[in-house]
Structure formats: structure tokens, C-alpha cells
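Comments concern the structure below.
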């Protein structure tokens, strides 16, 4: 289990990195935290000819409060986001979910942008960003553009990034008023790939009716899967226990078409989606209603 | 592993049959593959698969078509071998008319996946199989409807007259790719 | 003599080295000019090798040599049969052992086909894909029951079928009592495979010194002496010219026994070919194919009881999955047959097994060694009988325990050591009652569970018992010596994989010699230091080697006393050994230090008296006529989430009887570690093969070793029933923790859920599978 | 000949300069180039945690980093914990592990220690569940983890007193 040889390039600036990416094209892989890429290379299932190491791009690391909310640089270590007070204040859903991502040793090295661009269907961060209506700032040598998180994920390990584009940062908008959130996940062991996970937010209007919600699942499809029919069903409704149960049922039976693997059949995944969506929405609603929520997600 | 699925095409069965056996269509559906007709209904070549972090997985592939019943069904036998593992199996493809411009394809593939890739890739097997075959089928369907197919990342070269069922290859490719993760 | 150290919870001699990174593991051996090996392994479970061309690989950068079976000449031989078939009447046994490199055929995924030797492991791996190997796939068989079908693909052509063995053992006459039974419980039970998964993978470093004609092999083996003897024979070298060292070993759990693995046999040959040292370290992915596995069995069992739940008899017919080769013979299924009987009076017993070759990695013992499936069958049948008769699960066990006056108890069937299965001693009821008390069994059922249930929580309890035959022969030896510096050295042949032998053996010797535990320098597993013995397996290290250490230390004590008596002009009876000196009890100022005695025992002038030996040194051996029978009761509380089928093990209690305890801290550690392994086996760890015998989870991402958040706190206690079969009265403890976990988990999960029709009859039980069972039970209800 | 990269780094307070192939894993670099074999390799795919070292104070898996990436870093391995690397001068955590019998075969131990050291700096008085979560990225097959938890608790209580 030793990686095959490759050419190693370590640009010092984003411009240099983009030049190298353009120059080497599909032969090259970007190396961020490496916590997904390097294992694959050790198995020799990935043998990129060129690795462009982004770890010296200090300009891409950091969390800043922005006018819209929170700007997180792509090379920000997951651990930094986990510990960040700004994230806790402005994107509490993200804060709540960070400990579910693998283990501390991996989060110390793994980056926010690396996970987002890798687009593993079992990863937490893509689902969280979709649930948070985040926007991705991406660039090639000549242009910069913004892509909504929901539009960023186009398929299995596939994103809207062009081959010569790089993810620079992600902007998470402020949580609207009267909004609750919750993240739930079940994995075989703490830190394993989720069997199913769900990120939810719900915003209530002054009368306590649903004025917008997100139910975004992971490990049930090609990428983050938004339960749009369930959300549509909640719109304008009072989020009673029945309404939540109904939304979870729609999520499990209509919004997702989960895959099977040795750890979970499709039917089991549907059941977990049903249960976790119920639990997450229940906690999110309680938060939106201003109730104390002590539980921090299923382990 | 067994893959069973179906797909509805917007076109007549005869058109679909012809399209499935048309190399230019196949070329759009299968980037990164070189196949050569070595004898009647038998193809050999190489495939290079890229999915997510998996980059350089090269496979020697042999595909054989048997039991062709135009325009209803065919079976294909596939054998792919590479440094990371192998796949081997058969796929039965059946086309049923559902109307003048609608054809239902049912496919059942029974495949063995082995070696290093089988032991590491199972988490994504199902997803990759579904996603890849769906993409291939949609590409063919777009072509059937006269739309320009989406641009392929790398051109497929078919070096000889193709009498190949694109979809079955797609399924095989899917499985090959699947196992790489 | 004082008995200060035996039985004391002293901290370990070896820890400081391990904690500071100073301990030598096999992969830490670095030698001048050392080369690195990597193996080309089969991707197919069953295939014929039609062509093999290594020329391109030989040209690869850094490659020194590439070898295939054809290069091995006469050295190519199937490995030895390690355990000859036990003397069971009408036994049928077919033996096929693994080969160093596949020649014509491969019989499981991962079977080695060629070895590349290069300057670095990186370069060796670079060359592997350049080897052109053509394999013609053959139909493979994964399921042992399917393997015995008449039309199953044949794995070994020399046999008529895939039947590796067939054996029937009987006690009493089951058929004659089954009609008298008030209840006969019949069930089909499944037990699947797991991996030993020590944190250190296997590894071998071999170095041939041409000038001295000496071969040194560092090997992650539990049994260096048999390996040395075998390698000497295979290589045509004198045993004295082969040294096998098992240094610090990062966990064994069975498969690191003297398997004569292909790599273990090849590396010594390669170094002799090349004249350079060569290293191979198994990587984690290889370990899932190249290291032996265990526990796959399929049982059809029945239990006949009277109306009070007393056992009239048991009938069990099972198929045992031997894997592609069976060098370990019948140890495992025989352990299953014997351990199934448990602590119970079973007057009539019929047990029959068929061993099947399959296209899966080789099977050899893993912590528990065939005992888990047996205990699973018996405990589950008792649970079901109890439920049907309306008896409490504890009560049905109590009614069937062998009474304390039943020992030694001869069951009259053959055990793994080829002798009749005899329980040396035991006292089962106190363990059951103590465990129940510790986990508050009755109050849990009467108060806690109903209260939790009222809150909507599904919390359940389980309690099971088991016995384990430990400490079997043939023998071990030890040498204890004192240097002129006063230092005490103890050498024994068994290997050590974390069991604390550096400390527990030192404790035994320290008591005899009147020194501190830390003053005894223990060497294990180096044939250059001690070369008689077998190895560490079958929970025998402490029992057999421990008693050998004791015998050697006693002999040395006598020697010291005799010599000191002369020097101090006193009678031996008047002397005592204290703090590294011999002194007169009544006049402690008349003393002599051990170092001084050692100098005088090894004089530079004068003669050694006839009938005496120079030096303060003694060697002794211990070979138990019969093993000792450890036993225990485990209890567990679990909470099940009926919506998600996730199970949380909340409490765990073990009451264990391993006779006299040398070091309670070490024993507790062994027990708790075993429980963690057992929890892995019941809920997390399963080697999932598809129908073509391809392993689906060959990595630590998908093969799930329990982590710190998956195992509960474990409370332990001891019942002490000394073994009458060895002077120290000890019994083995290394495997016990892992043995009864499966039926315990099943019982507790059923108790938590209380879903009519839900029976857990298979292990491991993943949450996905529990979900399916729950759905089926709810549907049927 | 493959391309080599010159790197400089400090390991356990000692500065090293080497030329390495880009693909050389940090774990192999430490073990083979610097002969610091206390860092153990258990899975090489980032699950077992045996190879955990501190890179600039943070616990990371050295099998999931290339040595070339450690250029300019400060690394601590298990050999750097006890004063002077000497056996008698154990780090308090090492001593706590010995006293609690928190190791058996000792193979996973270096990675466990290096995981816990920054953890304890941030959580000087952790409860059992927090300790278990902190340990959950390190596999141990021998101990069942309980004695590790006890070691950490004992150390925290001793320090707190």
C-alpha cells in the first residue's frame, strides 16, 4: 500500500495554482487535506501523474464574517471550523455537525474546500452547505463566479467545477430569524461514513407556520439529496408532530432512492432517513420556536 | 452482483436498436474507451476509468454479443481485467415497444467483480452503477431525440465497424467504475 | 519463601520500552543492504494459471529479483500439517496444505503467485502490475454447505469432493432419550467469519550470513521454535544455524501461530538466494486475504429437556468452513464440539460435523478458536427452551450446572489435544450468582426494565455461561540464571504478543528467588535464547510456560540455597533469599549476594564436582497431562433503538474463573480486551464474501473493529477454583473474554425488544440485519 | 532516477534536512529515513490511528501526508515525549498509561499517546464520554480501551488536585 510515483508541484499563490491546473489539465489532481485522496493513492486506485499541493495557499485558509454571513476559505482545516466561534454563532448547524466528520486527526488535516469539491455522496459538508443555502466562489485563470451549493453538485463525485476551475471559498448566509436547525446522522461506528445523515433547517413565520425549510440528506444518492417534496409539503403548515412525520415519510419514500451496500440495504436506508428526518425536524422546530434543545444529534 | 433496471426511451424500437448498434452514438456515451472488432460480434480493447478520486484504472476489455434477436434483445458477455481487479459477466438487454415513440429497455446484468477493487469499492458500487448507466442511457436518449449529445470529456474511438450495444457497455463500464472507489 | 509477587497487581516490566517507542517490532528491523518484497496475489478465488511472465517486472526500476513457483525447484513444497487428526473413531480426514507460491491453480483471492524483491517497498509495488499473469477463472464456491453439494466446483482435484473431514462424536445415546423429552428445541444457527486484525500486520525479515552459515529470521510469529525447526528442515540447515526471533509482537490473537505462511517460508529462501537481507511487511489490505480467518459454521441443532428444563441431550450437526487449505487440521470443529457442552450436565450428546474446503482464505484459530459457535448454539437453545417452558434464563442454567463435586469430570469425547475431554475443576453457581448480583439482574428485570419501558426505552439484559479448555500441552520450558552482576535472566520459548509475559513470568521467578519483579529480565520468543517449546496459543502461555518458569525458578532456588549453605556454612533450611542475597534467617548479617554466588559457581580454576553443574542456572520443563478448564459468566445490558436497529451496549459484567491469578491487572486486561473483540464479533465485524468468494470489505473502512465509543465499561470479578493439574493452580485467560459474547448479545437484544417471534440465531448481527429480522417478526405477528 | 525534493523539518526538537521522493509517506520517512520506529504503521488508509504524530502541534495521521508536505514543520513523535527519550523519565501520560495497564501489545500506543496529548491540553479534565470520543480515531485490539480511559482520568484527577 504505497502510492505510485507522481510529480509534485507546490504553488505559492492561487494564480500559480490555476496556471498549473490549466497546464497539466486532467492529469493533475489538487491536493488539499488529502484525507480522501491519499488513501486512494495508497491503495493505488488513484495514480495521478501530477499533484498540485494547495497547502501553501495561506490566502485560502481562514474564516471571516462577511456582510451576508460567513466566508470560509477552501483551505480552512475542518478542525478550525469546528473550533470557530464565528461558525458557532453564525452557522450553528455547521458547528453541530462538524464532530460527525471522521475523527479529530482527520479533521486536523482535512479541509472544508477539499471535502466540498471531492463531492463524496456520504460526506457531511456538501449536504450542510446545501441546507445552509451557501454559495461557492470558484475561479479559473480569467474568471471568478459564484455557484449556489444546490447547483454545485451535479452527480456522483461530480461538481459544476470546470476542469481548470478551483474552489476558493464558500459563503454561508446568516441564519434568518425564527429559524431552527438540526443535524442527525447514523453511522456504524463513530466517525464512519454515514449510513444516512440529514441536515435540516426550518424558518417559521410570525404565526408559527413553516416559512421555508431545508431537508438535505447524505448517503442516500449521488450527492447531497434535497427532499424537495417533503419541504413543499411543509410550506405554510404548522410544524406539528404529524406534519413532521408526514414530511419524514415523504422524504423516505418519495424524495430519495437510496443505494444499498454491505452495511445498509435500500430499505434500511429509507427507514433511517424516515427516523432521522423526524428527529432532526423535531429538534429544528423546537429551536425555531425558541425552545431549549439539549440533545446534539444521534451518535 | 446483479443489476436490474429499466429505462424508457423516446423513440421507436427499430430506431433504438439501430442507435444502440451505432458506433457514433456509443462514442458519445463512453468516454475513455477504445474497442476494436476482432471478429463477428466480438470486441477487444482498453478502457480507462475516472470517477472521483480514482484516476488511472486501466482495463483490458473483451465484449461478445450473443443471442441477438433484432430488434428485441441481445446478451453480452464481458470480461475486463486490470491491475486493480477484474469484472466478468453477462448482461441481457430487452427492448419492448410501448408506443410508436416510446420503447422500454429492461436490462439485467449479472457480474462478478473481483480483486482489490472489490474489497475497497463496495460502498459505492450501487451508486456508481446506477449513476453511470443512467448517464449513458440519457445520452443515448438525447441522441435518439435528435439532440446533440453532451460533450464527452475525451473522445471514444471505435476502431472498426461497431455492432455494439451501447447500453450493455454502459452497464459494464458502470460496474468497472463502480468498483474503483 | 515469600509470595509477595504472585497474585499482585504489579505494573509491567515491558511498558516503559513500549511507551517510549523503544521496543523492537519486526518492521523496526533495519539492516544494511536490506531489500523489500511485495507479492503478486490472485484476484480470483479459483482459477487456473495458464501463463506467467515476469520479464517486464524484472526490468522495473529498483527491482532485484522476481520469483515464481517455477524458480523454487525442490524448495516448492506444500506446508506441513500442523495438527494431525485427533483419534476419533471412523474419522474421515483429507489434508491439503498451502503452497509457497501457486503453481497451477489459485484457490482463494490473495493467494500469492509471485514475489518481487526490490530496493524499496515502493519500487517492489511498482513492478507488480508489470507481471503478466493469465488466469483462467474457474467457478468458485464460497458457502461451505454449497461446497459439499455433489456438483460443486472441486477445489482440490486429488479428492473426490470438497469434504475435508467428517467426524461423529457421541456420549450416551441421544436417539434413545429424545422421545422422553418434554420439549425438543430445534434450530438452524449461523456463524460467519471474522478477522483477527491485530494492529500490527504480519511481517518477516530474513538475513542470511553466508560466512557463518547462519540464518536469522525476525518473524511476527506466536511460535518461533516450531518455525525455526521447520525452516531448518526445509532449507537443509542445522537447527543450530537458524535463529527465529519473535521480538515485540503487535497482537496475535491466533493467526500468528506457526502457520508456515508462504511469506514466512519464502523470505528465508530469498535471502539465501540473494545474500542480502530482505523484509516483507504485510499491508492491511493483504492481511484480509493472506492472514488466516475464522468462525464460519452452520449448525442444525436440537436440545431435549424435561419439563423442569433439565437437559436430557443435545444433537448438533454442523458444517465447518475450512477455507482453501486445512493445515490446522481439526482443532476448530473439535473445540466447537467440546465447548458446546459448557458447564452443563449433558448426559446424551450426538455431535457430527463435516469440514468443507471453500475458495476462501485459510482458516485457523482466532481468539476463542471454534468455541464461539459451540457456545452460541448451546446458550441459544437454552434460552429458547427457557422461554418455551416459562423458566428464567438464569434458572435454567442453574438447574443444569455440573455440581462442584463432579470434578474432575470426564465427558468421554475427544478434545483438541487428542485426549478425552476432562474438566479439571470448576464451581459454576457462585459465578452465576455473583454476575447476577453485580449487574443487579433481578432488580433490573423487576423494576428498572419496566420503568424504562414505560418511558419508551428498550433496554434488555442477558446472562450466559461457558467453559473453556485451556493450557494444553505438550510442554514448555524455561531457563533462569543469575549473572555475576546479580541480574536475574529468565528465558522461555513462547512468543509474546502483549500478554505481559515479561512481567507475569518475572513475578513467578521473583517469588522463588527473593528479588523484585523489575529485577528479572525476561526473554521470550528468541530461539537463540531458548529453543525448546511450542508457542503461545490456546490460552496456554501462563499455564504451561508459567509453570515451567516456576519449576526452573524452584530448581535455581535449590541451587542457590545449596551453594549459599556451603559458603555461609549453614543448613539450607536455615537460609532465606531476600533482596538478591542469601542469608541466615536468624543472623541476617551472614549473607552473600547472588552475584558473588554466581562468580563462585563459575570458577576460573578448579573442577566442577561430579554430579553438579557450573553456574547459577537452572532449566526446567512443564508438560500438563491434561489442560485446565477455565469458566465464566458474562452479563450485559443493552439498549436497542427499535426504529433504527442500533444497539448500544451499556454495561458488561464478567465473572471469571481462571484458577490462581498471577497478576490480576493483566488478567483483567485480557478479559476486557477479549470482551471488546467479542462485541466486535457480535455487532461490528463480519467478513462479507459474495457468492464468488470475493471479499467485499477488505479494509478498515468496512471491516469494523470496535472503537472506544463502541465498547462499554466492563466490571470484572473472579472466582478462584485452582487447577489440580498444575503446581501453580492456574488456568488460561487469554481467550475467555471473547467466547460467550455472541449468545449474550443475542439474548440481551431479544430481551430489550420483546418482539414476539424475534429470534437471533445468527452472528454477527449487523443493525441492517436486525432491522430485517424485526421487519420479518412484525410482519409475521 | 526519480525527482527528489529537498526538505527541512524539525522532529522532536532536532532539525533534519533530507531529499525525498514526493510519494514517500511521512510515516515511512520518520521510520526509515530518521529511524524513529516508534511511529507505527497499522493500515495506511487513515483508519487505525497507529501512525498519529503531531505536526505543528496537531495530531495527524502520518500515513495520510507526504514527507515533502512536512517541509518546514515541527513534528513530535513518541520518541519525543519522555525527557531525552529516556525510559526512566516518562511523560506523565506515559506514566499514567503504565500505571493503569493501558497498553498490552503496545503497537497502537504511540498513536494513542499523540492523539491524547493535544486533546488533554484542550480538555484538561475530560469526562469518560469525551475521552472515548477523543480515542475513537485510534483502534486498539488488546485493551478494550477501558484502561486507557482510566489512565486519562487518573492523570486528569492527579493534575487537577
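As written, the chains take the letters A, B, C and D, and residue 1 is the first residue of each chain.
Just so we're on the same page, a residue touches a chain if its C-beta (ideal position, glycine included) is under 8 Å from a C-beta of that chain, and two chains touch if they have at least 3 such contacts.
Because the structure is predicted, anything quoted here is derived from the model rather than measured.
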Chain pair showing more contacts of the two, C-D and A-B: C-D
Interchain centroid distance [CA atoms averaged], chain C/chain D, Å: 29
Euclidean distance of C-alpha centroids - chain A vs chain B, Å: 31
Where chain A and chain C are represented by their mean Cα positions, the distance between them in whole Å: 44
Separation of chain B from chain D, taking each centre as the mean of its C-alpha atoms, in whole Å: 47
Per-residue overlap in chain B, given as positions that touch at least 2 other chains: 83, 116, 120, 122-123
Numbers and ranges of chain D residues touching at least 2 other chains: 2, 21, 23, 44-45, 133, 136-137
Where chain C touches two or more other chains, by residue: 122, 283-285, 696-697, 699, 701-702, 707, 709
Interchain pairs in contact, sorted by label: A-B, A-C, A-D, B-C, C-D
Complex contacts: residues of chain D adjacent to chain A: 2-3, 5, 21-23, 25, 28, 44-46, 49, 52, 55, 58-61, 63-66, 68-69, 115, 119, 133-134, 136-137
Chain C contact footprint on chain D (complex, rising order): 2, 21, 23-24, 31-32, 35-45, 47-48, 50, 77-79, 81-82, 85-88, 90, 94, 97-99, 101, 103-110, 113, 128, 131-133, 135-149
Residue ranges of chain A touching chain C (in the complex, touch as defined): 1-5, 43-44, 186, 188-193, 195, 262-265, 267-268, 271-272, 275-276, 298-299
Chain B contact footprint on chain C (complex, rising order): 43-45, 109, 128-129, 137, 285, 288, 690, 692, 694-699, 701-702
Residues of chain A that touch chain D when the two form their complex: 1-8, 10, 34-35, 38-39, 42-43, 51, 53, 55, 79, 99, 102-106, 108-109, 189-191
